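These are the structures, in structure tokens.
In the two complexes below, chain A is the common chain; its partner is chain B in one and chain C in the other.
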Partner chain A sequence: MGLLSDPSLSTHNKLVDNLAKHVRKLCLALYTAGVVWFLCLAMPEFNHGTYLSENALSPGLVYPEIRIEANRLAVQLLEELQRERKEHQSTTPHAWIAAKFQEFGLETHTHNYTLRYPFGDGKEFHGKNIYGILRAPRIGSTEGIVFSAPYRVPSSVHVDITPSVPLLLAFADFARRKNYWAKDLIFLVTEQEQLGMQAWLEAYHDGDKESDSSDAYLRAGNLPARAGSLQAALNIEVQDLEVDYIDVKIEGLNGKLPNLDMFNLVQRIMAREGVVSGYKHTPRKKRRSHQSNYEQNLRQMLAMLSSQASGVPNGNHGLFHRYRIDALTITASKRVTNANVKSNPTSAAVPLLKAIEGIARSLNNLLERFHQSFFFYVIVNNDRYISIGDYMPALIALVACTFIKAYLTWSTLDVTVAATQSDPKSAGGKSTLAADTMKLSLPYGSVLIYLTFVLLIGYCGNVLPLQEYFSKLPLSAAPLTASILVGLNAIGFVLPFVVTLPPGGLELLHIGLLLIYGCAMIVIGLLNFSLGFFVAVISMPLIIALNTKASDKSMRNLTCVWTLLLNPLVIIYIIVLIMSFYQFPELTALQLLPRAASAAMDAATFALIDSVIYGNWLYFVVCTIFLPLWIISWTLVVGKRRDVEITKTKLKTN
Partner chain B sequence: MQNTKMTVKQNMLLKGIVLCIIFIAGCAADHTTLPESFVNAAQQSTHTNNWAVLVDASRFWFNYRHVANVLSIYRSVKRLGIPDSQIILMIADDMACNARNPRPGQVYNNANQHINVYGDDVEVDYRGYEVTVENFVRLLTGRTQNGTARSKKLLSDAGSNVLIYLTGHGGDGFLKFQDSEEITSQELADGIQQMWEKKRYNELFFMVDTCQAASLYEKFTSPNVLAVASSLVGEDSLSHHVDPSIGVYMIDRYTYYALEFLEKVQPFSKRTIGEFLQVCPKRVCISTVGVRKDLYRRDPHKVPITDFFGAIRPTRVSTERINVTLANEEDFVNDVANVQPKKEFKIIMEPQFTAELLK
Partner chain C sequence: MDFKCFKLLLLGGAVRLYFSRTSVAALIGNRVEFATPLNSYKRMQEGVFLLHQGIDPYSGDLVHETPLVLKAISSLFLNYAAFLPLLYILCDLCTATLLYSMSRSFVAQKLQQQRKESENYDKDSIELQYSEKDHYDIAKMVLVAYLFNPLTVMSCIGLTSTVLSNLLLASFLCALTRRHLLVCLVLLAFETVRSLYPVVLIAPLLLIFARRSAGLSIAIFLMFASFCLAIAGANFLVMNSWNFLDGTLGFIFYFRDLQPNIGLFWYFFTEMFEHFRTMFLITFQLNATVLYLVPLSIKLRKEPMLLATVLVALMAVFRAYPSLGDVGFYLALMPLWRRCWKFMAHGFVVFTFFLVTLSMMGSLWHLWIYAGSANANFYFGATLAFCTGQIFLITDLLFAHVKREFCLYNGQKIMIDGEEARILLE
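This part shows the complex of A and B:
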């Protein structure tokens, strides 16, 4: 006999009685504790100062050797590139970039890739990356570091970052003259934003393995040359050679982060070279606010978590994390012309070049991949962080009561089922015995089938939009995905009214929901804390309130409304609505609503494309975990009523 | 037979007792000092040859300074006369040929890059992954494996003064070798005790520059051992300075000041070990230098430093032709008769540190 079905344990004991009396209070207390703990993390007592734990990096022990000539070269190259750009309005001047790489003595190669657009009915896009390898002069090509700069065409909607490429070239020219490189340096210029980077990384790591890639949406092709296992990468986005400040971007795919040592290294070296730099750095004007230290920390924390939650990388660095390569982006912002600040174009970028050199030399010193410091952390300030050990308790406290409730529901299962099923007259002395046999005869099978069906609905959300017969319909991508998702949600919505679970089934389903929900939240929270935490914060009150035995009608209506609001589609719509409200404050509510709807459809489509091309698992999680969980909750909310009605009618007929 | 033996024993005992009484009486009569000749004899150097075991136990580029430490000490003992055949040099990593070294094939011990301590005449006996705890203990105790080259053996005898210099990363009671193993202070003490039992040294000078270095000599019990450590238990040993063109710490503080002292020592110098033990006061070393003298019978202030850092026999450099076997041959006799006396010359080794360096 199993532990849980052991009658000596499952009979009514004091603990269960007490628990049943206070479970609501206990759950609320745990929930509050979780939220309070999270808020406390912004206080300096709860977070720690950053420090470098990797000895090998030895940051700042070398004097930078890069001189003003490098800056002159960058300025000259920028002028040349600007001329080239006039002729290439919507294409990349590949020939010019490759010629420059070759001129500086790098082993230059081009990489072609093809994107088969999932919704384009066979439509294909082509792209080309250019990269040059500087071989380490005195060691085998077993390890490499990547320095990359994205190229944006003049017609791009994003901010202009043309100077990145000249800066990269100027640094490459400097680096080629040095004999101390212990790793190959790869200088990479990508196009089409993250797509080019993703294709290059896929080609670098899997290019030669692929035999048949006709099924893949992104055909990354192969690379003519490699440089061993990549240890680290630095992505450079420079808006202007005259740098105002540096924003260090770290959030990667699925909320992954580079090792904290890498962030600290960049901060340390930037400070040494006198470059203003920080995480989520903003222009000086905004910085001079009268917020308290605590408020600033909390804002920083929330900003980081909200950018992590979607799992979309905020720069090309984020795609490296998938291959366990620590990478970050340094974004140099343009200096706003100011009469007080005298700018000198001949030396403006020297501090930045020196910082890049310092970072390169420290990375060159690495003996193995970054492994000493944290991979899971939240940055509260440029020099303060929260480690995983400090923030996970917040999530665990939030989620803990699902397991308590699951235990309680299981322990009180016999009573409820006995009460609803057996004759009230004969219940008295035989109830325990009846309960024991009851547990064995619970409708496990039908609940399992129900759960499987619900999961299948979620799974369809992943697969259906990409099926060929759908893509042949005369519908564009966004309405297609959205209508499929709405359809699946509708099935989920109707399901509890169609399917009636046998008595006791709802309770079992409730236990299943609590356990699946609790485990899912903790696992998601471990991988991407922000997603797990935010979802737990909004959904946990419902899980606490959800009670199959509730008799209070207003309470039940409340949970019903709350459940409807928590539908994944509704949440996405609300988030998009809030975002567009802040982005377009001039629109009226009536204009805003349809606009947000179309934006939400786009968001769902982009999430799907992200999941098939980049491996972002947000869409997958929403479809396969959140949607089924919602359907189960919905079943519990509305299913109970039917159950009660049935028993009522039964009683009446009796 | 047994009877006679007994009587002999009894006789001896009696004599002993009488002698004791005389001795005690002598002491009581205020003759507290030992006979002068005996005292002087005890303070005399008693060794016949010198050996040095110099070990850098740590690898990786950022531990450049440990290699510089050991190479500098190597250079000093060689300058003071210990031949390469009697120096066992163990270096755990190849800094000179590290791909990160902007000066390929060279190792410097100060930022002025005045002399390359990894010069032409460096004989590394144990290199790279050969530097292990096992090899080190085998070397000390003379239990090298069959087929070990003669240059990799410590062929010392009961008349040898042995200098052991260790540098690397240490902790309380251990010194890390490579990145994978440690030698404990107990293992070191056992090794030295075996050396004593196997008559592999006359006197031993143990010098160690690591963090918590003093913990390494705590377990020693063997006689005639003098030990000095760069830091006490609980203290870190610190590096001296950085060379920003190479990008690493160049040398450790204790070794730096020890070398500064050794640089002034010439082969016939009157400098003593006692002075050497005070080279690095806390003011400059930051860590406290630990000394263990209780196992050593001589007064360090009367022991010339060349007893450990140099070779015993004063060598004379001859610039004339000397024939040791064919002394009767005519041409040689004629040669000697006709030879012009050559000018005297002096070998000058370049100083390791220049005067203007980082005062």
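This part shows the complex of A and C:
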């Protein structure tokens, strides 16, 4: 019979009862199905070859016109810049860059910004970006494309990418001589890594403010000139003009990706110019391993998902995504001296320059923003991808467990609650009759208050570390944040021992947990698939195993330990521990543990700073969603024992 | 109304007052799920301002509130803008009180009716009958369901004029249970001129006041029509032009604003070919008004209040510019059918549906509008699922009612050949 017009008089469904007995098996089957589906996606039968769907791009339609003079100019500029760098050990040679922009005939401007460091007790940092606009001769500055190169000072800890700026300048000089540009080109040199880029983008989009509000940590300042709405951006990081291979970086803020067309475009043009390029490309020696195709694909997928999951962009391009601008970074690696490959320094960078020209001309052809191809995809290989329709079922199968479990728990709730409240033997027959009244008399109010309180604890984790009175304490940022988080976790840990929910409350809380967890996973999975998927894979078995019914002791102890292991702080610590183990294999375990602890504290603080400056959601999600969910699960694991004790004493008194 | 209910009312007011002073209020006021072109605060503000400046608000395509309402609150809007949230909160509390008193008299009538019919009831059906305790319990549940439903709270703090519609509907229902014909007619006529769809509520009204005589029905209907005309005339006197009719009723009927909302109209009307528009317009509007009216009125002729509940719910699902405030209103009427709940099999499923789709709506809207990575189809998928959930709920209620009626007379345990009996629809 129909789903809606079920003619049965009693709402008690036998199928549901039978399913409820096997709820764990059912959920585990679904869980396995989800994980297996995900693993299958690495097989070539499950993913597709990439293709360009935006016809306007027409990559390679024109012959590259950039010639060896551009390379010569780049080499000459690099020499000049190297001389400048000797004088500017920890600052950017702004004057030189601006002078060059001006020399090439670009409309040159500087952009100042200020950072009010959240834990610096009012300390301020200043920065300066330089950008030149090449106005399109054919249009009234309504659209623009950004070419950016980060500048790193010699004292920086990161890899030296000085040649990016000369390369950008050489391309700017070439572009200025052409009259076919239909979009303004912005050439941007940023400093202080992502901070400069974030400030520039904020200033570009947030309009001219009279005076910056003092609340904001990053005062972006104003821009003297703009170039219409930005359509796309290309960030260039070049380690050397002699390029070995190119690594294309796409992961942006909060796991956002540029349109797949943009990635394909770069791949196509690089291939045409004979530049070795790929996603997560590694040097040749390492690549020549004996992995099967499947294993390679799976590694690629997992690498992509794990770099997406933190939500931290892996290049300056990632910040563009927030403003709906498709952007990616091309990272050119230095050629390790190899006797077999003879290179000519006077023409070494020509292929790369040609590729940049090709990309620029294709982007110039765009009639509207990228919209044809996918925004949600996982790259399996340089030329293969998985679309959202193919990978979402994996997450849906995982999340479906919670809803099925919630439904079955709810349907059999009357029996369960009756069993704990009265004599279990007489419960079965009676409860079905009074099912309806039983469900109404559950302690909704107190469970709701408990949930609100737990959410409030999570919310505090978000707000407290930034409060003024805490920043006045003589503590540096990392211990402060860490101690607040540990404090909140401790409150959550103690909570179930202090608060006793009325009978039936735990069962209701269980259902609440399942529903909230399911909704949270769906939302997180939509916004950042990789984070949602990883968290679901890790935590779902526990959610399935959680049981408010009395079960044997070993099982209960197991879930208890398991829950403790899944505490957000513990997980962060474990992740950092594993990462530092791989990074510093020479350390002994005893050295490693405290080191990982301090690194984890730093990680928490950086996540908080990322959330207030760049708008990264990770810290917010962990504090406001995962921590409360953990507290609820902990309550369910621990609270049960008290409930049983209470009913036992009640029975005795009766 | 006893002390506890006053406490609840105060608490409900406090919750609204607290949230209306946070930044959530402005956010909700801009969410398409709550603020539609019909009820948004911004458009109301615009209308008041234009009216004050002596410009016809309906010459543009922004204002869709009736002139009478605009005129009535214009002085408040212009002089005491800071106290506006208070006015909306007061309206909402009034709605809650009216619903409370409506449910009390509703249960009283049910009890009276039961006493008359109780001889025919099966012995096994005590559980299905309204009891003396319900007199208080149901009213309290209605009160809580209205006051603390996040949908109504948010709709109130977002200052949507759904608050006003809810107030009018609640007073209409209250007058209906207390059998005040004239009050009913005036309120219904007023709300009909404002938002068209409540016209269907004339059916439960006729069923209550003129069940047996066709002549009386026609007389009441004519009265209703003349009230509608009178209210339209009053509106005309404010504006001195009939422009407002096209700006309000015409705007609803022709569905001119394709802004996304939680309803079913916008997606179809953005997708379809222009020359089919008239046909689909008529189909969709028929669906929202008379399609279910006749069969439901025939089936539920003995239960006019259930008919009213179902019609209010269907209106919230199928109307051209639905908002979550409308959904919150009919959800508050559900406790009236407390005695049918036993047969409602999908309550939990519907609740989960609501929870999931509402949380998905937020994220998909973000992905579509701000991040630019998703598109309209994703969001429409979520709203479609939400509507499906609502239809599940309404159908479930209707079936539960039918089953309850049957069981009242035949008992709950019917065994045929040792197996549980099933009702067949024929």
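In this text, the second predicted complex is superposed on the first by the 625 of 654 C-alpha atoms of A that agree within 3 Å, B and C clash if a C-alpha of one lies under 4 Å from a C-alpha of the other, contacts with A are read in each partner's own complex, and residues count from 1 in each chain.
The rule we apply is simple: a residue touches a chain if its C-beta (ideal position, glycine included) is under 8 Å from a C-beta of that chain, and two chains touch if they have at least 3 such contacts.
Values in this document were obtained by computation on a predicted structure and should not be read as measured data.
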### Query
Looking at the overlay, what does A:376 touch: chain B (first), chain C (second), both, or neither?
second
### Query
Should A:630 be classified as contacting the first partner (chain B), the second (chain C), both, or neither?
neither
### Task
Report for A:519: first if it touches chain B alone, second if chain C alone, otherwise both or neither.
second
### Query
For A:187, is the partner it touches chain B (first), chain C (second), both, or none of the two (neither)?
neither
### Query
Can A:364 be said to touch chain B (first), chain C (second), both, or neither?
first
### Message
If we overlay the two complexes on their shared chain A, which of chain B and chain C does A:617 touch? Say first, second, both or neither.
### Response
neither
### Summary
Of the two partners chain B and chain C, more of chain A gets touched by chain C
### Query
Of the partners chain B and chain C, which touch A:406 in the superposed model: first, second, both, neither?
second
### Task
Across the two complexes, find the residues of chain A that touch chain B and also touch chain C.
none
### Query
Within the complex, which stretch of chain A touches chain B?
55-56, 58, 61-63, 136-139, 178-182, 361, 364-365, 367
### Summary
Within the complex, chain A is touched by chain B residues 60-62, 97-102, 104, 242, 244-249
### Message
Show me the residue ranges of chain A that touch chain C in the complex, using the header's touch definition.
### Response
4-11, 13, 256-257, 321, 324, 369, 375-376, 403, 406-407, 410-411, 433, 435-436, 515, 518-519, 522-523, 526-527
### Query
Which of the residues in chain C end up touching chain A in this complex?
127, 341-346, 348-349, 352, 355-356, 359-360, 362-364, 366-367, 370-374, 392, 395-396, 399, 403, 406-407, 412, 414, 420-425
